[in-house]
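Heads up: the structure comes next, in C-alpha cells.
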Amino acid sequence: MPQSQQQSRILANDPLTAEVFRLTVYSPEIAVAAAPGQFVMVQVSSSLDPLLRRPFSIHSRGADGSISLLFKVVGRGTALLAKARPGDKIDLLGPFGRGFDLSAAEKPVCLIGGGMGIAPLLFLAQELPGRKHALLGARNRDELAPLAKFFADIGCAVQLATDDGSLGHHGFIPDLLDEVLPDVSQVCTCGPSPMMRGVARKCRAAEVSCQVSLETHMACGMGACLGCAVPGRDGSYVHVCKEGPVFNSEELPWEL
Amino acid sequence: METLDLRVRIGALELQNPVLTASGTFGYAKEFEPFLNLNRLGGIIVKGISLEPRAGNPPPRIVETACGMLNAIGLENVGIERFISEKMPYLRTLTAPLIVNILGDSLDDYRELARRLDEVPGISGIEVNISCPNVKKGGVAFGAVPEMAAAVTAVVRGATRLPLIVKLSPNVTDITVMAKAVEAAGADAVSLINTLIGMAINAETRKPRLANIIGGLSGPAVKPIALRMVWQTAQAVQIPVIGIGGISTADDAVEFFLAGATAVQVGTANFYDPSAAEKIVAGLEEYLQRHNEERISTLIGALDTGGK
Amino acid sequence: METLDLRVRIGALELQNPVLTASGTFGYAKEFEPFLNLNRLGGIIVKGISLEPRAGNPPPRIVETACGMLNAIGLENVGIERFISEKMPYLRTLTAPLIVNILGDSLDDYRELARRLDEVPGISGIEVNISCPNVKKGGVAFGAVPEMAAAVTAVVRGATRLPLIVKLSPNVTDITVMAKAVEAAGADAVSLINTLIGMAINAETRKPRLANIIGGLSGPAVKPIALRMVWQTAQAVQIPVIGIGGISTADDAVEFFLAGATAVQVGTANFYDPSAAEKIVAGLEEYLQRHNEERISTLIGALDTGGK
Amino acid sequence: MPQSQQQSRILANDPLTAEVFRLTVYSPEIAVAAAPGQFVMVQVSSSLDPLLRRPFSIHSRGADGSISLLFKVVGRGTALLAKARPGDKIDLLGPFGRGFDLSAAEKPVCLIGGGMGIAPLLFLAQELPGRKHALLGARNRDELAPLAKFFADIGCAVQLATDDGSLGHHGFIPDLLDEVLPDVSQVCTCGPSPMMRGVARKCRAAEVSCQVSLETHMACGMGACLGCAVPGRDGSYVHVCKEGPVFNSEELPWEL
C-alpha cells in the first residue's frame, strides 16, 4: 500500500448537521491504496498556524478516485476545514496506519460506532463481502440519522442509540450488544474510549474477537515523531499511527 | 546552469548539498521514502540513540502551539544494538550520508556509543545530543555547563574517528561559550538549536498538556531565536555551524547560510510537509540560478550588515 | 454572580483585576482610549522611561515573524522630565493604577529615576527593566548576571517606597536564579518575560530585516517559553510573579495563573487587537462563572500535575 | 476624528487587474471620521499567522457608510485579502494618522501618484472643492487605465505615464510636472520614494508647497509601538503613523 502526498481537489463539502461535514476529495492515488480503518493527514491551513496536519479516517471510497472524510468541528483545524469549498485544493497524505483485519471473519461482522467513530466503519462496511450488522450511536437524532442512512443504503442491518433517546435506543451502544453478539465472530469498533472498553469487555466475555480503532494526538501520522504513543500491554508503548489506529483489544492494557 | 555547486564540508565529510534532516523528526528515514527522494538530501540524521532501548514518556507527548509544537517524546528509541541490526541494513542502501545522533546519561554512555558506532559500516558522522540531563550529576544538563559539554565532546572524540558534530541547547545565557568549549574539546562542527524548553496548559481541565509537564519547543516560532544564535556562534568559532530551527523553505535556509551556517537541518517541517527537505534542495538551486551564483558556499556568512 | 472577585495583590498594591498592559506595547495609554475602557484594566504599564530622552534605533525597527514579531525600537522615549510634564497629566485622570517602567545605563540612572518618580503623584508602582546592557560595564546585560540584577534592585529599593516590580530577561540559562537574586535584593514582585533575542534576514537583499540586526521576539510564538519560565519562577520565589509573553486571550491568561502568576501583562496582542486587554478581563469573569469560582486567586498556581 | 474598531462587512472585492483589487467595506464609523490621506489597519487573517494588521490608505468614501481600499498583492497578507469575499466580515481599525492639509490651497492642487500610491489620492480628489489636476503613473496600461478612469469620472484633469509607455507618457511622472507646476499652489504626492523625491525637488525649486505620503512597516498604526519611525529633519525620528503618513516635504531630511 504505497503512500503519497496529493494536492486533492475538493468535490463536495456537505454539512450533515451544523457541526458535522462530509468532505469528498478527488485523490486517486490515496483512494486506490486505502484500506478500511486507515486514515489521512490533512493540511487544514495554508498558513503556519495551525501548524500541524489533522488526522481523519477514510469514511468511504468512490469508484472514481474520490474519498470522503466525515468530520466534526471541534477546534480551529476542523473549523477551517468546514470552510473548504468545492474546487479548492487540499493537501492530503496517506493512507496511513494499520486498518481493520478481516482475514478471519467467517460469520457476520458487527460494526459498532459512536459519534465520529462511525466515520471509518462506513468504508469498512463497503468493503466487507458478507452480512454485516451496524450498531451506531450519537448524541441525538440530528447527528445520527444522516449517518445511519449511509449504512442502510449499502445494505447493513442497522441498530441505533442516542444519548437523548431522540432516535433508537435511549442509552449507550454496548446495551444493544448482548443480543447481537451470539451471531458474530468479529466486532470492529470506533468511538469514545468508555464505549470501546464496554464493547471490548463484552466481547471478551463472549470470546468474540474485538478490534478497536484509537485516536490520539499526532504530529506526523507516519511513525516518525513518536508522538502518538499510548500504553501497550507490557508496560511499553504502542504507536497509534503505525501499529494502529486499529488494534486487537487484547493488545491494549484495558482493565477489562 | 549545469555547474551549480551545492557541496559543503563538515570536517572531513563532504555533503552533496547542505540540507540535512534533523534528529527525531525524520524517524529512521524509511518512513519518508514515499514522499521524497532520500538520496537527494545532503544527509540524514536519525532519531537519537542511547545504549539501552528507552520507552519514552507517557502520553500526551506532543501539543501544537502558535506556529510551533512542544514535544516530550522522552528520547524513546530502540537502543544501539537494535538500531544497528534493524535499522542500519536499510539505511546502508541509501547513498545520502548517514549521521547518527546519540544521547546518554553519563560520559561512559557517550564513550560506549561512539566506540560502538565507530565499528559500524555505513555511518558518515556522529551528532552528539548534549541537551539531556546528566543523571549521575543530579540531572544538571550537559548542555548548560561548558565544562560538561566539553567533557562529553572529548570522550566521544577519543572513541571515534568519525566526523563529530555537537548539538547545542539554546536554553543558555550565551551559546557561544558552549560552542567554544566543544570546539576546543575536538568537535568538528556544532549544530544548533535543539528545542527551547516550553510548556502548555489546558485552561479548562487545569492540567499540563504534556504528561511530562514541560517539553521542547520547535517549528517556525523559534526560527528568529535560532537564526540569532547561529549568527553569534558563527562569529565565535572556526568550525562549521549547522543551523536548525523552524526551517521549512529554501528562503529560511538561505537566511541561515547568510548568518554563517555551513549547512542546515530540517526538523518539524518534515511533519507538516514530508517533502520539505527535498523542496529546499530544489529551492536552493533555483535561488542560486536566480542570483547568478554558482556555489552555495558564497552565501555562507554573506550577510550584508552595512559594515556593522 | 455579583460576587466575582478578580482582585490580586502585588506587594502593597491591590489591583481590581490581574490584567495589565505591557511596557512598550501600550504607548502612554491615551492611544488606546478609542478602543477600550482604560479603567477596566487592572493596571497600565507605560513605555520604558530613561533619564534623558532617547531617539531610538534607525528603521526598520520591526519585522513580523511566524506568530510573532521582532522589535528593535531602541528604547525610544521622551525622558523622565517630559514624561512627567507631558504624559502624567492625562495618566492621572485614569483610575487604573499606573506603573512606570524604567531603564538605565548605570546604577546611578536607576537610582535617579526611582527617586524622581517617588515624588510624582499618581504613580502606583515601578517596573524595572534590567534587560538593557550596562554601558559602563562594557555592555554586559544587567539582566543576565544575578549580582548586577540584585544591585539594580537594591538601588531602586533604596530610592523609593513605591511597589517595585523587577522585569526579568528570558535570555538566561536559569531564570529562577535571577528571580531569587532580585527577591533577596528587595523586589516586591518579578515580571517575566521580556523579549527573547532574535533575528531575521531578507534572503533576497541579504540584509538583516532590522537595522539593529538583532531585536526582541514577542507574541504568541514565545508563549510556551514564557509559561514554562513563570511556572519555574513561581516555585522558586515567595513574591508574586507577573506573567508576560504572547497572552492574547483569557484562556492564555488562565494558563499563566495556573502556572503560578498572580497577574499578567498583555503585550504584542495590543497591536493586533487593541481591545485585547479589556476582552481578557471580561473573559476571565466569564471563565470564573463557567467554572463556578468566585475568586481569581483560587486559580493561582492551581495547575493539576497529578502529584508531579 | 474619533477612531474605532469595526467588524466591517465586505460589500465588494473587485479585481482591477490580476494583482490589484478594490475592496469596499461597510464601515460607517470609520467612514464618517475619515479624512483624505488617513489610513486603516486591516486584520488580514483570523489566524495568528500573519500576526499583524496591514495598513492601507482610504481610497474613497461612499455616501452610504462605505469606504474602499485599493491594494496590490505583494505578500502573504495582501494575498489573503485578495481572497476576501462579499458578505465576509473584516476587522478594521482607524482612521489613523495625519492626512493631507489643504487649509491653504487657493490655486488648483496637483495630485501626483505612482503605483499603489495613487490609492489615497482619489479620496483626496473627491474631497477637494476646486479644480484639480492628477498626474498618475504605473508600470503599464493594465494597471493604470482603471485607476485613471476613477479620477476622470470625478472631473479631474488627468495626465498619465507608464514605465513601458503602454499608456500616456513613456517615462516618469516628475517629467510631466514642469508644465503643470506654474498653475498650482499645492502638490500632494504618494508613491515610490524616488518619485516623491523628484517631485519634492521640483516643488522646492518652484516654491510650491509639497506634501508627501510615506509608507513604512507598522505594527500598531496608532503611535504605541514606535516601530514606524523614519528619519526626520533634525537627526531625530518622526513616526509615520502619527506625525504622518502625510508630511510636508520640508519636514523630511531629503537631500533635495
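Order as written gives the chain letters A, B, C and D; numbering starts at 1 within each chain.
Assume contacts are C-beta pairs under 8 Å (C-beta built on N, C-alpha and C of every residue); 3 or more make two chains touch, one makes a residue touch a chain.
Everything quoted here is computed from the prediction, not taken from an experiment.
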If a chain touches subunit A and subunit B alike, it appears here: C, D
Inter-centroid spacing, subunit C versus subunit A (mean Cα positions, whole Å): 47
Distance between the centres, which are taken as Cα means, of subunit D and subunit C, whole angstrom: 36
Separation of subunit B from subunit C, taking each centre as the mean of its C-alpha atoms, in whole Å: 34
Sites on subunit B at which at least two other chains make contact: 66-68, 219-220
Set of subunit A residues in contact with two or more other chains: 48-50
Graph class of chain-chain contacts, one of line, ring, star, complete, other: complete
Residue ranges of subunit A in contact with subunit B within the complex: 2-5, 43, 48-53, 93, 216-220, 222-231, 235-237
Subunit C residues touching subunit D - in the complex, by the definition given at the top: 24-27, 31-32, 34-35, 47, 55-56, 58-64, 66-69, 71, 73, 76, 219-220, 248, 268, 270-272, 274-275
Residue ranges of subunit D in contact with subunit B within the complex: 48-49
Residue ranges of subunit B touching subunit D (in the complex, touch as defined): 66-67, 220
Sites on subunit A touched by subunit D in the complex: 45, 47-50, 76
